[in-house]
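I've put the structures underneath this note.
Two complexes follow with chain A in common, the first pairing it with chain B and the second with chain C.
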Partner chain A sequence: MSLRPDTTGLAPVAAVETVATARSTSPRLRLVRRLLRKRGTVLAIAFLMLVAIAAIFGTAVAPHDPNAQDILNSNDVPSWSHPFGTDDLGRDILSRLIVGARISVRISLQTVLLAGLIALPIGLVSGYIGGRLDNLLMRIVDAMLAFPPLVLAIAVAGLLGKGVGNVALAITIVMVPGFARLVRASTLAVKEETFVEASRSIGTRTRRILSHRILPNVRSPLIVGMSLAFGAAILAEAGLSFLGLSQQPPNASWGNMLRRAYDHSLYTHPWQLWFPGAVIALMVLAYNTLGDALRDALSASQWVPTRDHHRKPWQAWNVLQAWQQRQRKTRRGLTAVTRIEVPAAPDPAPLLAVEHLSLEFDTEQGRVRVVDDVSFSVASGEVLGLVGESGSGKTVTSLAIMRLLGSPPARIAEGAVYFEGRDLFALSFDEMRAIRGAELSMVFQDPMTSLNPAYTIGDQLREALRLHEHVDRATARARAREMLDLVQIPAPEQRLHEYPHQLSGGMRQRVMLAIALMCRPKLLIADEPTTALDVTIQAQMLDLLRSLQRELDLSVIFVTHDLGVVADICDRVAVMYSGQIVEQGTVGEVFTRPQQPYTEGLLAAMPQTGRAGDALYVIPGQVPHPRAWPGGCRFHPRCAYVIDACRSERVSLTAGPNGAAGPTPHDVRCLRSGELDLRGSQ
Partner chain B sequence: MTAITSAGPALLETRQVRKLFPIERGLRRRVHGHVRAVDGVDLVVPRATTVGLVGESGSGKSTLGRLVLRLIEPTSGQVCFEGNDITTLHGRELRELRRNFQIVFQDPYSSFDATATMLDSLREPMRAHLELDAAQQTARAAELLEIVGMSPEYLTRYPYELSGGQLQRAGVARALTVDPKLLILDEPVSSLDVSTQAQVINLFAQLQDRLHVAMLFIAHDLSIVRHVSERIAVMYLGRIVEDGPAAAVYDQPKHPYTEALLSAIPVPNPVRQRERRRIILEGDIPSPANPPAGCRFHTRCPYVLDVCRAEDPPPFLTPDGTTVFCHLHTSGPQLEGASIGDLRTGDRSAQ
Partner chain C sequence: MGTLIARRLLALVPLLVLVSFFVFILIALVPGDASVTLAGGENATPERIAEVREELHLDESIFQQYGRWLGGAVQGDLGDSLFARTAVTSDIAERLPITLGLAGAALFVGLLVGVPLGVLSAMRPAGAIDKLSRFGTTLGISIPGYWLAIILVVLFAVDLRLLPPSGYVPFFENPLRWLEHIALPAIALGTWSAASLSRQLRAALIDVLDTNYVRSAWAKGGSTRLIVVKHALKNAAIPVVTILALQTGYLIGSTVIVEEIFTIPGMGPYFLRAVVSFDVPVIQGVVLIFVLAALILSTLADITYGFLNPKVRVS
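So, the complex of A and B:
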């Protein structure tokens, strides 16, 4: 690779990696697409455009002169020449509405934009600098927010005097405090983000941090807040107009039309009230619909970036929400099964057998397969490790077994999962619910997002039991206590009354384990249960899990990317790469005599393996995205032993050389498995 | 200490630095005691050396890092850079000083502004410290990316378009922009996958060889820092309990806590992992708001002596250049600087 002229006298320390993935669509384009997906939003936008045309062109598009009186034709009902009829002075109502739009639109835009502009620096400075200035500004804001907004607007407008300009000013003043609050709150949140700390440590000036780091990030909430305020501005103007403070007759505004109709036609021609009223209501509705859609689209574009596996916290949370909801009422919600054939159950049947499982997601870019023909089994009392790099499909495989993946987008395209000989993919919702949590249970990675912050530990433990067994309160309570004891939480009686936030990370993970074991399941799926913990707490947790596993004769699927943890606790291990199993066998066999280059690479990359001072082994390149799985052996672009055949030939999982003879099978997916002499861990 | 010999004052030295966070309760924000996050730490980072700082979650590692960067003010004590106390600097002087220190954070995704491109983020330190025009800035940014092994094509990318490992390397590139003398790495590989972890660890080793930049490498896993560190300091509950040459700390730990930390790291070999003697520490790290009296580790220490509950252990300098704070070296069986492992094998306790 060519190097640039080197101004610091430095050569690149690592081989330069070129861009692999295609550039995704711009965030702005995606935002627009997301906005236009809902029909309501499109309608709202269409209506607002119509009003905008009326406001811009005014008299030019009005069918009649809005101020021309025609006493002979006063209070006409709607007709061809006057679609909305005429008012008590015979003026065309439609024309007056069209001209009145200008006032409403002008005031709503002007007040909201101006108020936003004034509030922005106040909120930014107040939130970022904090201290006494913040105290003072927020006192003033609080005082203003203590009055109902319309009352305050009337008071201010009354002080300033009649006229459109003064009303606009009054509405602006009333809006500033709310916006300032909003900006301040967002600023406070963004200020705590690491990238702001990064900017500070770089030595960037405060002014620049505010304008270039904070501002772009508080923009979205402010935009949403402002779009929701347009409706309020329209209403306020109409209200003030109705009170005669805004647009003065004979010039039309929606508010003073309402007033005129109220004063002169309320009992005789009430329909005259309908038109301005309806337009105001529609306008408010349209603004709010747009504001809501904007909020959804903006938050979606911020939270779900294009790389799917970076949204872990939300993912975990969503899965748990889905779990809890489905456990209760909703009937929809098992992962959809679209397989054509049903693979036969193995004989003799182990506790759990996953047979030829393939999973697909329907994404914006089309259908992608993320798990491809995965088979493994777990015997009673056995601990199986499922390892592999991020994105290899470990989590989705475990969620599919529980049928917890939401459909859409997920679909089980092929395969079967036999649990005690029963095909889980053929069960109904109620049958599945009876198994989940009772015989088949799960622990998630992040104990913080997986426990419900609003309930005590005791509540959550009892809930887990009551979903499956009809027990009285006292029994449930005793069981909860007993479980906390079992997972070695000191002073369990007292902990039952505590909330998740009162516990440390390690304690929370123990509680998760207690919840999962509440109904004495036969199989526990633990998805990275120790990844978020310290080494010392991890060691405690592994010890606990091992002793529980023996005591309860529990089977466990342990998902992790830490091979040290696997060596510690697992009997057998399955190594996953790009949605496939590439090697499986007993931990002893696979770790000391690996037969597949990827396994060798993973073992060599562990920091505990290499000698201090030597460079650690690095598997070159990256895990390919499921949409870009290479042909032939999926590992071939990164494999050090690649031969031509690897690039084209389909590689299947076969019995490895020393596995066929031994008591437990050792399966390998590699064309060269027999001939390579790979290094295991020392 | 041993490492500072000819070159005059150390690059960085903290002297009894302390940070107490007030615990505020209620509406009136009355102070109900303090979290003693960092409680009297002496740490030396010599020029062009890497010092590893390890300890459990909540032991005060990040707080110490942020104190050194002056992102927070110490409650007492001094932070000296090249012999000068920097705790009193403000405004422009402080900004100037920050050229010398840069930090890389744990989570690469949150340490980059999601709304800014890589180029924009890499330019930020240049704007603050270097007088370069736009074209020069872009050239420099491209060059920095190449140093960390990435193609300049990534300059136009947004953070979410990069993998964790790539983004972390971009974070290193950003930190290197102004040729800092000290890099503070706050758990830079904890959120990465095994294979990417190895990539980034190697990058640090290479950077140290070529750029001669000093590093303070914070982690909770000793096996990770030992690959790049010359010295390792072990922190527990706001204090340093052992500080010495990396090989000495890793192979012959002198403090019971270090020994426990080491024994908790699982090795990826089933036979060795299962026959290793492991010390499982009971319970969690105590609250730093209310640390135990005497030796702070006494509530979890498997070797605790009576004296430990009452008296703070004094520093003890061992022959291999380790400073250790533990009564075992001065009272009771008297290790006198030998490794804790000797206590188990009975070499010492028989005497």
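So, the complex of A and C:
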């Protein structure tokens, strides 16, 4: 048992609270609602209330005098007059449990609250003032934390002398240092945050900062820590009681009742051992359940399974089937596919064809669609640019092709991806695995976190090869070296032995590229491979990509929001907005004769296009959240050419000339594409 | 790595001084005149009181007493029991291995059950296994170890008569009999370990399985086994090892009650007898040993941390 707060998962609390307050309903109400959503929490609260009643009213609600002995009726099994039976002295067990509740409740409240109250100023001062004082206080706290809590509690309680009060004192002493650390940690975290820095610089007094800024943020972790400590306090008190250090017989406590039953009835009436133990366990369970729920409710929003409301209990068979299906579909490392129809493959089949892809996420607020009916293709040796503002769905589209989105929460709701004519959404995990990294590779947006910090560069390169080809170590090593050479990393031999944290961002992205190309894939998806890098490194990286593409005759999907880069290295371009493709065609076509106002806006926003001296153009407004996609044309709130029809009519993607004689020169999603005269990049 | 270990050990010195002071200062908690209480309270004879005063040097200042005690402790002399008159050090030397054996067995149970459970539930959060294991582990951390021990005795010793209800046979006398006697206490203690370990591991693994580098590993075409065993577990182990060490320190402390229940002649009963009779030298000695064990574990954890985390190792 642990008398120290378990702080896992407490960190994001502060951040979430601010989000919660931004919502319309009061955060406290939302918290209560989230708490009560789980049946277990409701049960826990109900049980705690029951115990609270017993603790408050004690003998008044007890059916018998808890200390009245009745030798004639000793060891009675449960009956109407003694629902839990009687002990070896004929005392009513239920009544004794009821008066024992007072001890447990009192101890848990008293110790935790007192310990929290003592720890709060220590942690605040230590964290906020820092320096020598912090050093000294934390040394002391660390020394106290080194003691196994139960041993310390026994020693302290024993030396102070038997009795409930001394046990409470002992438990409090043991709890203080853990809480102090917790408070200090949250104080430190908040202190570093900019708003505290800011208010300090305008000269807010320290006391005000502590009470107005830091305290509110320390509160949540402390409350969660304390609520999880209640259970530990009960366990400790019952343990000390069991050992005879707390409540002295004949007065009852749960721990000493258990002890009495153990000493006197183990062989003759073992059923007597169940009641006091079960009550202790239930009490701790209730406290822990409540603490866990509180933590979950306060911390970052988690994925919650969407309830199927229309399920009926008598449809047991359907429920079972649905459950089995879900078990089969949700598998780590492979996005679930829930489509009903399978779109046909185009003929002739290009290297990659994405057909009517729709993606959904199960979130706490329900199911949201983030990619909606997206189709595009990549021919062999071709470079396709996938562009759009942040949040338009480029990354999730790319990840869906690789089936790398986690399920839950992601699901492929519609569509197909044909890679060399094979429907990737129909493949098993092992079939998909054989393609990933071998024929279809991906480089991710964030080079800093995409390499495993625990393994060397060389290990991660060799692994990429050995997953797909049976080669010996020496060959793998040679190939790894070669690849580092190819992506122009100096001193490759030495780099092989280094860990990711020893490399710069640009170097790491080159390593990622080397890993992706290790097995000579046919198609590379590069998701903003340069965005996280600084400008000069970006240029080098792009040069490298371009030369490698030619050298290896790679097909590439190049995801970016930089149209300048698209003009530089892409053959064709697909523009995404709010989860849809809004325009698609060759780079020359789209750039010189854009047919869709969003594309025009993106082109105008290019630094390369803007005339010198002009302020850089920005498209007004923001990309809407997938939950708030507007009806009609999704771009209409931001569009300069909007007409009434745009707000209500469904706008579909019209096929360009290669899709037979369409009205537009390439694929466009705009009601007014024919009539508008939009400005290109020249 | 060598410097890391050296630095850790060096940092231990001030901590040890503080900790040992706290252990010693426990004597200050004794109510009333310590020499009277320790000599037997109300029925203490004046001679006995003088004797105790003399033996514990209660006339000196607390710091002088501490210095004397620490000096002895460093040389392996923790004084004599006030009642049994035996040397505390040799009493502990006799009992400690028994307790460590029990704690080791409990830890084994904890790892054996906790690790697979944690991994399986992290693989599919909110899946069937996860729900079941969350329920089980919540129970596991809520059930008092001493009650579980008693239930196990009732079931396996009293009802089924499969295992002995109490007692102990040294390992080197008869390993099989030792196992028979240690099994129930180890399970009673190990259940809590397993439950809390699996919860910690689950949380850590879920975090790690969500990282970009794990996604990179899937993207390479890695198998589930490769992802979990190679890429995720090593990183998830970094926080878990620290917690595991801490918990094992607690676990050693929790042997006290369980040993009492099973009448295992380890540190527990020895400690508890001393606590009820105010046998201060014994209490101090036992607490010191328990703290030392916990400190050694946490130091080992820090060193393991260095092995697992190249950022600490290579710099």
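Assume the second predicted complex is superposed on the first by the 507 of 682 C-alpha atoms of A that agree within 3 Å, B and C clash if a C-alpha of one lies under 4 Å from a C-alpha of the other, contacts with A are read in each partner's own complex, and residues count from 1 in each chain.
Here is the rule we go by: a contact is a pair of C-beta atoms (placed from the backbone, for glycine too) under 8 Å apart; a residue touches a chain by one contact, two chains touch by 3 or more.
Computed from a predicted structure; not experimentally measured.
By the touch criterion defined above, A:Ile515 reaches chain C but does not reach chain B. In the superposition on chain A, A:Val337 makes contact with neither chain B nor chain C. Legend: residue contacts after superposition of the two complexes on their common chain; A:Cys633 is shown touching neither chain B nor chain C.
By the touch criterion stated above, A:Leu563 is placed in contact with chain B alone, chain C being left untouched.
Once the two complexes are laid over each other on the shared chain, residue contacts for A:Arg139 go to chain C alone; chain B is not touched. Touch criterion met: A:Asp543 reaches chain B, while chain C stays clear of it.
By the touch criterion stated above, A:Leu210 is placed in contact with neither chain B nor chain C. Once the two complexes are overlaid on the shared chain, A:Ile154 sits against chain C while remaining clear of chain B.
Comparing the two interfaces of chain A, the one with chain B and the one with chain C have residues 6, 8, 305 in common. Residues 56-57, 69, 71, 94-96, 98-99, 101-103, 105, 107, 109-116, 124-125, 127-129, 139-140, 142-143, 146-154, 157-158, 160-161, 163-166, 174, 178-179, 193-195, 197-199, 201-203, 205-207, 210-211, 220-224, 226-227, 246-247, 250, 260-261, 263-271, 273-274, 278, 280-281, 283-284 of chain B are the ones that touch chain A when the two sit in their complex.
Chain contact summary for the complex, chain A toward chain C: residues 1-2, 6, 8-9, 139-140, 142-144, 146-152, 154-156, 158-161, 231, 235, 238-239, 242-245, 258, 262, 266-267, 270, 273, 277, 280-282, 284-285, 288-289, 292, 303-305, 323, 327, 330-333, 402, 404, 406, 408, 429, 433-438, 441-442, 444, 446, 449-455, 463-464, 467-468, 498-499, 501-502, 512, 515-516. By the touch criterion given at the top, residues 14-15, 18-19, 22, 26-27, 29-31, 123-128, 138-139, 141-147, 150-151, 153-154, 158-159, 165, 192, 196, 200, 203, 209-224, 226-227, 230-231, 234-235, 247, 249-250, 252-254, 256-257, 260-261, 271-272, 275-276, 278, 280, 283, 286-287, 290-291, 294-295, 298, 308-311, 314 of chain C touch chain A in their complex. The part of chain A that touches chain B in the complex is made up of residues 3-4, 6-8, 10-19, 21, 23-24, 27, 193-195, 197-205, 208, 212-213, 216-217, 302, 305-307, 310, 389-390, 490, 504-507, 534-540, 542-543, 561-568, 587-588, 591-592, 601-603, 605-610, 612-613, 615-619, 622, 680-682.
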